[in-house]
Amino acid sequence: MDVFDLPAVDDLVRAALAEDLGAGDLTTRLTVSPQTPARAEISPKEAVVIAGVPLIAKICAAAGGRVSVTPQVADGTRLEPGTLVATLAGPAQTLLAIERVTLNLLQHLSGIATLTARFVAAVAGCKCRIVDTRKTLPGLRVLQKYAVRAGGGFNHRLRLDDGILIKNNHITAAGGITAAVAAARAGAPHGLKVEVECTTFEEVDEALRAGAEIILLDNMSVAQLAEAVQRIGGRAVTEASGGIALDNVRAIAQTGVDIISVGKLTHSAPAVDLHMTLFLQ
Amino acid sequence: MDVFDLPAVDDLVRAALAEDLGAGDLTTRLTVSPQTPARAEISPKEAVVIAGVPLIAKICAAAGGRVSVTPQVADGTRLEPGTLVATLAGPAQTLLAIERVTLNLLQHLSGIATLTARFVAAVAGCKCRIVDTRKTLPGLRVLQKYAVRAGGGFNHRLRLDDGILIKNNHITAAGGITAAVAAARAGAPHGLKVEVECTTFEEVDEALRAGAEIILLDNMSVAQLAEAVQRIGGRAVTEASGGIALDNVRAIAQTGVDIISVGKLTHSAPAVDLHMTLFLQ
Amino acid sequence: MDVFDLPAVDDLVRAALAEDLGAGDLTTRLTVSPQTPARAEISPKEAVVIAGVPLIAKICAAAGGRVSVTPQVADGTRLEPGTLVATLAGPAQTLLAIERVTLNLLQHLSGIATLTARFVAAVAGCKCRIVDTRKTLPGLRVLQKYAVRAGGGFNHRLRLDDGILIKNNHITAAGGITAAVAAARAGAPHGLKVEVECTTFEEVDEALRAGAEIILLDNMSVAQLAEAVQRIGGRAVTEASGGIALDNVRAIAQTGVDIISVGKLTHSAPAVDLHMTLFLQ
Amino acid sequence: MDVFDLPAVDDLVRAALAEDLGAGDLTTRLTVSPQTPARAEISPKEAVVIAGVPLIAKICAAAGGRVSVTPQVADGTRLEPGTLVATLAGPAQTLLAIERVTLNLLQHLSGIATLTARFVAAVAGCKCRIVDTRKTLPGLRVLQKYAVRAGGGFNHRLRLDDGILIKNNHITAAGGITAAVAAARAGAPHGLKVEVECTTFEEVDEALRAGAEIILLDNMSVAQLAEAVQRIGGRAVTEASGGIALDNVRAIAQTGVDIISVGKLTHSAPAVDLHMTLFLQ
Amino acid sequence: MDVFDLPAVDDLVRAALAEDLGAGDLTTRLTVSPQTPARAEISPKEAVVIAGVPLIAKICAAAGGRVSVTPQVADGTRLEPGTLVATLAGPAQTLLAIERVTLNLLQHLSGIATLTARFVAAVAGCKCRIVDTRKTLPGLRVLQKYAVRAGGGFNHRLRLDDGILIKNNHITAAGGITAAVAAARAGAPHGLKVEVECTTFEEVDEALRAGAEIILLDNMSVAQLAEAVQRIGGRAVTEASGGIALDNVRAIAQTGVDIISVGKLTHSAPAVDLHMTLFLQ
Amino acid sequence: MDVFDLPAVDDLVRAALAEDLGAGDLTTRLTVSPQTPARAEISPKEAVVIAGVPLIAKICAAAGGRVSVTPQVADGTRLEPGTLVATLAGPAQTLLAIERVTLNLLQHLSGIATLTARFVAAVAGCKCRIVDTRKTLPGLRVLQKYAVRAGGGFNHRLRLDDGILIKNNHITAAGGITAAVAAARAGAPHGLKVEVECTTFEEVDEALRAGAEIILLDNMSVAQLAEAVQRIGGRAVTEASGGIALDNVRAIAQTGVDIISVGKLTHSAPAVDLHMTLFLQ
């Protein structure tokens, strides 16, 4: 059972169709007969890492169930321009009605997978993971984080309820790193590690003494990161965040950090160019 | 009554909070007392055209209503880095809980407004409009199209039910441009104009003869666009689409087209960098 | 893909069943065995224009999917009393459970189609369209407007977001017809025509000068309508509204107006009499 | 706590606004400033029994909460044309945006109340009740049945789960009236009476012997009804249904039946004519 | 059509899956291949009266529809430990994903059925019914009341809208039992009996005189109940409530009351122990 | 911001009211005037640990907002019988309408808190935590897990997406404990510890070697648990589960396990007895 079988994804697909169709596809109703059959092919116009292929069948099912879908590639595959992603067959009216919703979703998710794959490739050979953040768009988090995995990345926590990440304000409110970590360990579910955001070496030292299991090194220079990793010496998992880009990610990875978290994977990945070609029959 | 008073926006805000909070903000619950008050300030770290400011109060209301929000700027304003967008005051727990959802929405909408404003600036002095498309993300269309307006752009149709846009497949299915336009005019609500997508001058001529009120000139070169505009000579509204970018939009505008539609305004605008600073009291 | 494949129609059907069934059909549970099979026939007891036939299969699917439905006529057909509309076969328990919801919807939609057809017949030979309004019942607009089309009528705008209709209050607020039309044209999506409601000839003249593309002639007498149509002379589409009834609609049509909008098509059409006969087996 | 405080009514109001507003009131946004204040008055143009007045405040709250509403009359009151129903004050934009939804609901509910009151008046002095049926429109049952009460009528069962009404098919399936009534009494919640639909005197006799507490006399002539009432002699509550109209309801009432159920109260009541007058300030 | 075909049950199943799965079953995704097939068997580890078997197929359908379910027993059957309840076959990933939701529901409903059956057995041979109350858990009432029936019990009213039960506060507010009963009879739908809660014999007498059709004898001792039943002498249905337990229910039944209502059937029934065994293939 | 401010809790409250009220409280409408004011007091009839007090105000708000609520105690407090939990003031109609929903929720949550507190008291002085499981009821998990915390317990994972718990079937599918742990560590978010369910000492040894961070000791005897804890010697967190009851939990705790998980906290806690007394004014 994958993410596409979740009831929430079904709800999202139905909402997307409702949003785009409103009372129905007016142009198509007026110009295309309900009896006209058609085939369609989806393919990229640029090199992409594809994500979201199983959504096509879900969208067609939600649009009345008269279209058959044959996926041609698996999510996470790197495709050259023109590669066939999926073929569809059914009433031309329905294929026209679902085109935009289908492409909107696939272009966005494949955009995330493609950008993630570029970050992953940039750190090839290093031991670190590229991970996402909670900087996602409303309603799309589960699919966006799936697309990160399709691109070879990993997920950070999903929500505010499934991870302990003690930041500056928590530290201030709790009265210091030591107190904050103690409070977190005293109350957190036993399956969660405690992560502490640090911006100085003193904070790193205190966090380690307090028992932090993950140290988030925020907005440090490459040199600072290298020194922090050294200092931590494997006593905690290390995560770098802030200002990560394709042109500095390899240098950051080479500092030895375990995790590099990249907000732009989900908040700023440009859509890739996918196309649906229709063949009326 | 603006877009932020729509019940659907309230639903979106609640869904966004539910998605990020799950069972609640675990780290904050364990490290911050419910009694701790705080203030917060939201401001950009780069120059932006802001959009979504009224959402802040809606998010705080949906999170229990204990936070007061004072907007400092109006949507559509161009802000320098560091300008105060809004101040918030209330329980530190709530401010921490709503931070990510608030920033995710504002960064995305302001990203769209900022990108739109760049396109609008690029065609300054030309008579054309920069308009959006249906290439939006599920659940976000109303807000994304609002953000385009905040950036100085205009909206194309909202859905498949509120505009007539006859494309290639409709033409084939209907048996030609003339037949398609006739069918559309015979059935379309009387308040809608008929738009026809054309890729050749012959199609343009036939569409005009058939009574098309808007001609969509798809993927034409600047030279072709100029000739098409000339040929149409004001007999129909002209719209250019396909391959529009910041570095070619002015040349396209100078062909005299009325409308330039840009998919990337909504599908690929990078998030802008906004920040929420918390002051514990 | 027609209106019955919209996710919103599926939601409506499920809500209708939930509303009528509550915790289930008590009488049927106590008196009819789950194993008893049955057939059912739906037919009108009076002459009707039928609308909503595809809903029968949707309702049965939403009620557990054990009933097969065979439609016998297409929506928009004029039926004599006793004509078979559809046959159903499945568990008697389910047929009894869905009877009322099915008839309630079909009787209402067919009532609208039948009344619309009477208005359409009344203006036979005239060039005008009979159109609906936004005077619909909550949750039913898409289906009610569909039923108007099934009866041979046309649709006015669907919502407040897909048409420009400048009324008296807009004119006052904007500072006159000229200013209101200018503001509308400056901001409206390019695919929408601008319509202005006028009650005097002076207003008609100003609206035309301002560039109105549709003139709504509100609550005028037949004589006034004829003079207005003359005066406009084809420079704008003309629409008559207010006080339209079966006994005056032909006279109004003969004034030469293009559009006659009739609120009662949707707000006051009486239900037609449909019946479901069950055959236990 | 009345029907208007039910969460379901709040949901209905929000759905009605969403359906009519879509992405917002375009004409108003373009022609009316958000700062323009206004007052509005709602009043009937014909004599009505009003129903739904508390909805006005609910609608305004759901539309952002910036409009104050002052009801002037209570539901169930008979109003002469021109009587003030309610006054509203707030932003002109919001008043324009909620006008249609408000009137649509009030016109429909007052239509039901007004028609019910005519039936109630027609049987004045008789001991019988005028009651509604399950012939309602999807999503509106609770409000429609409320409107029947506002007009002086009474409610039949709300759903299939809160009443026992044994009809012809239940009788056939159970193997006769005696068996059907026995099965119903054996399983029905102890607070529900058993009602049996009869079309002949033999059925009436068997139903009484079987212990039916209510006899539904379906589609009988006035003479048959009178004889049936006589025969039953107070041993069961009597209900007449089928073919009830304003011109025969008094004769039916005079047969002595206890209950007269009228489907058209909810499925065919024409909307009454209400008007909202706006005063820009 | 049974309770499991209600749209509301489908909604509940989807919500239950969403609540347990969140973004998906992480452990299973990481350790089990999507291609691994499996079979599963559900059986009790203790003697139970089973309830909820049809839910298994509904849950599997809502989880993507790749699992086939073969029920082995009918709801309401008494099962010895180890009896096969149902077999399932499909992807191991899906079977693992639905296990907990399935067992949670079946264990709870079977717990209610099992406890109800113990109460029913305790009054074997007496004429009284064991009935439930409105003391149920949010969202589960329809299924909980179904489980009571599966255990041999009966249902009291479902909601506040489908029964008349006049309690102490209603009596005070109405100005006495006589007034309260009169008001209820004057307004209640004709299919509902009027029930009055009494705690003294004087109240019983007044309720009978006022025309109460059911007398709820609240928190009376066995001796008092016996005297009350005697006094009422069949003039009304009698219901005992308050402090009913397995060790006193038979004595209460032997007083001759018609109905014994037991809150703990739904608010305190312990879950029974069911198990799902998986066989990887 | 606590759990009661979550939009999902608001949805639950509204659904609970809708489920109990249906079309409204019929008895109250007929016997109590809308103008009658009242006060109410909620208090327990037995010793309880209270949970859910903030829900009372949320329920009253969702029922129209005319009732003021004054909580008298905080959640998690141990109360003697008769202690005042909260006072309410408002229309008698509303207080009667919300009574059952309010008590149902508070009785259930306080039942969980009370049972949890008994388990916590039973292990007083031991270092172990009492934790809950995923054996919860649909729609109620967040509140049930909150109630466990109110009773002094701790939470296990919330859903299948926020914890790694490798059970028998995962081990089989992955090809052994070592492979399963490796797969989990390779893919799991870095903030989650890997937990492995073991039933033999050999499995414990393999899990430790594989790097398991938590060992779930399932259905072991007290002696086996003691030996397992010894053997693990602090190299992993230890959790005991299966067959935990009030009469053996202290012996289990004394084996030195860190965590004792108890399904019955949420699936079988009996409701406590709370009462709402109404004072009409």
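Letters A, B, C, D, E and F name the chains as they come in the text, with residue numbers starting at 1 for each one.
What we mean here is this: a residue touches a chain if its C-beta (ideal position, glycine included) is under 8 Å from a C-beta of that chain, and two chains touch if they have at least 3 such contacts.
This is a predicted model, so every value here is computed, not measured.
Colleague: Listed by label, which chains are in contact with chain B and with chain C?
Modeller: Of all the chains present, those in contact with both chain B and chain C are A, D.
Colleague: Identify the chains adjacent to both chain C and chain D in the sense defined at the top.
Modeller: A chain counts here if it touches both chain C and chain D, which gives B, E.
Colleague: Please tell me whether the contact surfaces of chain C and chain E are same or different in residue numbering, using the over-half criterion.
Modeller: different
Colleague: Match interface A-F to one of C-D, E-F or B-C, accepting only the pair for which over half of the contact pairs are the same residue numbers.
Modeller: Most of the contact pairs in A-F are shared with B-C.
Colleague: Weigh D-E against B-F on C-beta contact pairs and write down the one with more.
Modeller: D-E
Colleague: What is the distance in Å between the mean C-alpha positions of chain C and chain F?
Modeller: 51
Colleague: I'd like to verify one number: the distance from the centre of chain D to the centre of chain F, where each centre is the average of its C-alpha atoms, in whole angstrom.
Modeller: Those two chain centres are 44 Å apart.
Colleague: Using mean CA coordinates as chain centres, what's the gap between chain A and chain B in Å?
Modeller: Spacing between the chain centres: roughly 22 Å.
Colleague: For chain F, which residues are shared contacts with two or more other chains?
Modeller: Answer for chain F, listing residues that touch two or more other chains: 15, 21-25, 28-29, 97, 141, 158, 161-165, 187, 192.
Colleague: Going by the touch rule stated at the top, which chains touch which?
Modeller: A-B, A-C, A-E, A-F, B-C, B-D, B-F, C-D, C-E, D-E, D-F, E-F
Colleague: What residues of chain A sit close enough to touch chain B in their complex?
Modeller: 12-13, 15-16, 19-33, 36, 38, 92, 96-97, 100-101, 103-105, 107-108, 111, 134-141, 158-167, 169-174, 180, 183-184, 186-188, 192, 263-264, 267-268, 270-271, 278, 280
Colleague: Using the touch definition from the top, list the residues of chain D that touch chain F in their complex.
Modeller: Contact set of chain D toward chain F: 1-8, 10, 141-142, 145-146, 158.
Colleague: Can you name the residues of chain E that touch chain D in the complex?
Modeller: Touching chain D: residues 129, 131, 154-159, 161-165, 187, 189-193, 195, 214, 237, 239, 258-259 of chain E.
Colleague: Within the complex, which stretch of chain D touches chain B?
Modeller: 14-15, 17-18, 21-25, 28-29, 34, 62-64, 66, 91, 93-94, 97-98
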